[in-house]
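Each structure below appears as structure tokens.
The two complexes that follow have subunit A in common; it is paired with subunit B in the first and with subunit C in the second.
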Partner chain A sequence: MRQMMVGVVALSALMAFPAMAAEGKRVSVKGELIDTWCYFSGVMGRPDAVVGSAHHTCAMWCAAGGIPIGLLGEDGEVYMVLKLPGDDASNGGETFLTMTNDTVEAEGMVYERDGLTYLVVSEVTSNDGIPNRTHEDFGVVPGNVIPDAVVDKVLEEG
Partner chain B sequence: MFKRVAMIAALVAVPATAEEGAFAEGSKAKSWNLTAQEKALFTAKVVDVLCELAGDCPPDCGGGTRQLGLLRDVDNALVFAAKNGQAVFTGAATDLQPYCGKAVEVDGLLTGGDEISAGAAKIFQVQRIREVGGEWSKANRWTKEWRRANPDAKGKGPWFRRDPRIVREIEKDGYLGLGPDEDKVFIKDWY
Partner chain C sequence: MRRLVTLLACAATPVVAQAPLPFDIGGSFSLVDQRGDTRTEDSFGGPSLLFFGYAQCQSICTVALPRMAEAVDLLAERGVEVQPVLVTVDPVRDTPASLRDHAPDIHPRLVALTGSEDALAGARKAFRVESEVIGEDIEGPLYAHGSFVYLLDAEGEVLTLLPPVLGADRMAEIAMGYLEAKP
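== the complex of A and B ==
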């Protein structure tokens, strides 16, 4: 009977917590909100070419397309962002789209699992916009980001 | 001229090595020449990553709003699924959502590793998926879902040229994100 009671208590506990949460750590971290696919895969070039202003439009395409956003910390670590303040829509959500390539200071919880680092942001304490002017070195990445018609119009205007 | 040569040199200096990794056996994944690319075929459970890590668990893995992962059967590793099989800037979560909580088999590519992140972990591109024992499907439903959600975004060109949210952001902040005036200065300098 005692064993049965223990079993019922254990089962109740499991049902009350459907997911076994990992142990998190509270952090404050500063860095740029980047497009993780292009950064990890090299599909558009080396890592320093797929951050900042050079890659901003592509990063928006990827964010809107549901590719995860990461925070590239000043320590070089990529924190996979699962939640921004008031918005857990990490699959193409509005906050994620509109903050791509912004350099921010964020507070929240960090979780490490199987070599990746994940960040749940509770507060953005500062936002510097896009100070990383990589277009001055790389142009736009990929090179066809700006349509020819837009380029022609600007050049015609002189 | 020099700027263009420097840009091209930067873009081609990408370490792309094909690897037969620990999960490559039986994989039919197509190469994308990715950084430290590994083919990978494995069985897993589809999970809501935020739920798995932080215990924040809405019904149905968030109903399509959240990033999803693959809890690999053989080693209980959480594999982060970042990309689907389409070459149009599209993630994996929309393709994985119908399989929330289910046992699946996935085939695709792992990429990243110690050249990219201190943790040396890789993220995953799902190219095809099936419920265990079921029929394979290509991981390419994202654009179909986008068309369903954006019936008024008509016109020529791929989805990312017509998406209302992207069009709005470019009108406001330009292609560089620094404002339309910075775009004009850049275009006159580079083109």
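== the complex of A and C ==
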């Protein structure tokens, strides 16, 4: 079977919804790269507890396990990140892991599909690291994601 | 909380806008199912929901596979038969014999595919799925791997991709939109 461009396939769907078509558009978005599973599922707590420093360790585990990351824009929109510069895969990859919970400004293309907003990042123009210090309010979320011995050691070392 | 409510409300809206993606997804593969039969992307006798993972996975597969299986059941209740398919990223442990034991635990109609390293790498490349060993536990390697669910038509062409964070009902709703639109 021949390889098929999603764009071509989408054209068929687009023809089925002629009044609802949408093309990709270039955007610049600033926001935090979040763990979409914990953010949407609520299994680890309220949305503001599963972003930032409080949730960083869990988010790295989730990213390592293949959970797609999202860019939580300053406008409150969650962009499902399909691709970051440096990764060939359509989701996942080391770049996702190393940038989890970073607040970045990204340029790329946004695509509306199936009621979701996807972002293909062409360039990360700034990276502020993790300024969202949610651990000051929530501690580590979830509390058992870091072994007690590690927490004790860090606290001992100040 | 307002953000979440807004987003969930958005996610609950019907299938509306379809924008093309800027890269190819999907392609041909030839793999072996749990019965030892050769299967290709167009040999499921109808549309399929396809996921890359492995039977021993204790991470994203434990979320995505049950959701995909439930979506298949929801679609069946609406009269649409969709074949659930797992493509392993762990061919060493996921042999046909091993998959024969594990597949019914995921879904009674699951087709679980394995194959040579090269054949599986080719399938992953076609679907732009990354997979790598990130550690070991007492049962063997732990894999990180892409976690989207892919909706394919009967000819094996990708209609869309579904993030595993979607609930089964939403997956089924999106799939229904595409499959009803097919002639």
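To be clear about the criterion, the second predicted complex is superposed on the first by the 125 of 158 C-alpha atoms of A that agree within 3 Å, B and C clash if a C-alpha of one lies under 4 Å from a C-alpha of the other, contacts with A are read in each partner's own complex, and residues count from 1 in each chain.
By our rule, contacts are C-beta pairs under 8 Å (C-beta built on N, C-alpha and C of every residue); 3 or more make two chains touch, one makes a residue touch a chain.
Remember, predicted model here, so these are calculated numbers, not experimental data.
Chemist: For A:D137, using the defined touch cut-off, is the partner it touches subunit B, subunit C, both, or neither? Pick first, second, both or neither.
Modeler: The first partner, subunit B, only.
Chemist: Just to be sure I read the superposition right, which of the two partners does A:S53 touch: subunit B = first, subunit C = second, or both, or neither?
Modeler: Touch partner of A:S53: subunit B, not subunit C.
Chemist: Where does A:T103 make contact in the superposed view: on subunit B (first), on subunit C (second), on both, or on neither?
Modeler: After superposing on A, A:T103 lies clear of both subunit B and subunit C.
Chemist: So in the superposed three-chain picture, is A:Y118 touching just subunit B, just subunit C, both, or none of them (first/second/both/neither)?
Modeler: In the superposed model, A:Y118 contacts both subunit B and subunit C.
Chemist: Of subunit B and subunit C, which one touches more residues of subunit A?
Modeler: B
Chemist: For subunit A, what residues appear in both contact lists, the one with subunit B and the one with subunit C?
Modeler: Correct list for subunit A: 17, 20-22, 24, 36-37, 39-42, 46-48, 64-68, 76-78, 80, 82-83, 88-93, 109, 111-116, 118, 120.
Chemist: Looking at the complex, which residues from subunit B come into contact with subunit A?
Modeler: Those in contact with subunit A are residues 3-4, 6-7, 10-16, 32-35, 49-57, 62, 64-68, 77-80, 82-83, 88-94, 111-112, 116-123, 125, 142, 160-161, 163, 165-166, 169-170, 175-178, 182-184, 186-188, 190-191.
Chemist: Sort out for me which residues of subunit C touch subunit A in the complex.
Modeler: 1-4, 6-8, 10-28, 40-42, 59-60, 63, 126-130, 134, 144-148, 155-165, 174, 177-178, 181-182
Chemist: Applying the document's contact rule, which stretches of subunit A touch subunit C when the two form their complex?
Modeler: Answer in residue numbers: 1-14, 16-17, 20-24, 36-37, 39-42, 46-48, 64-68, 72, 76-78, 80, 82-83, 87-93, 109, 111-116, 118, 120.
Chemist: Under the touch definition given earlier, write down the residues of subunit A that touch subunit B in their complex.
Modeler: 17-22, 24, 36-37, 39-49, 53-54, 56-58, 60-62, 64-68, 75-78, 80, 82-83, 88-94, 97-98, 100-101, 109, 111-118, 120, 129-130, 133, 135, 137-141, 143, 145-147, 150-151, 154-155, 157
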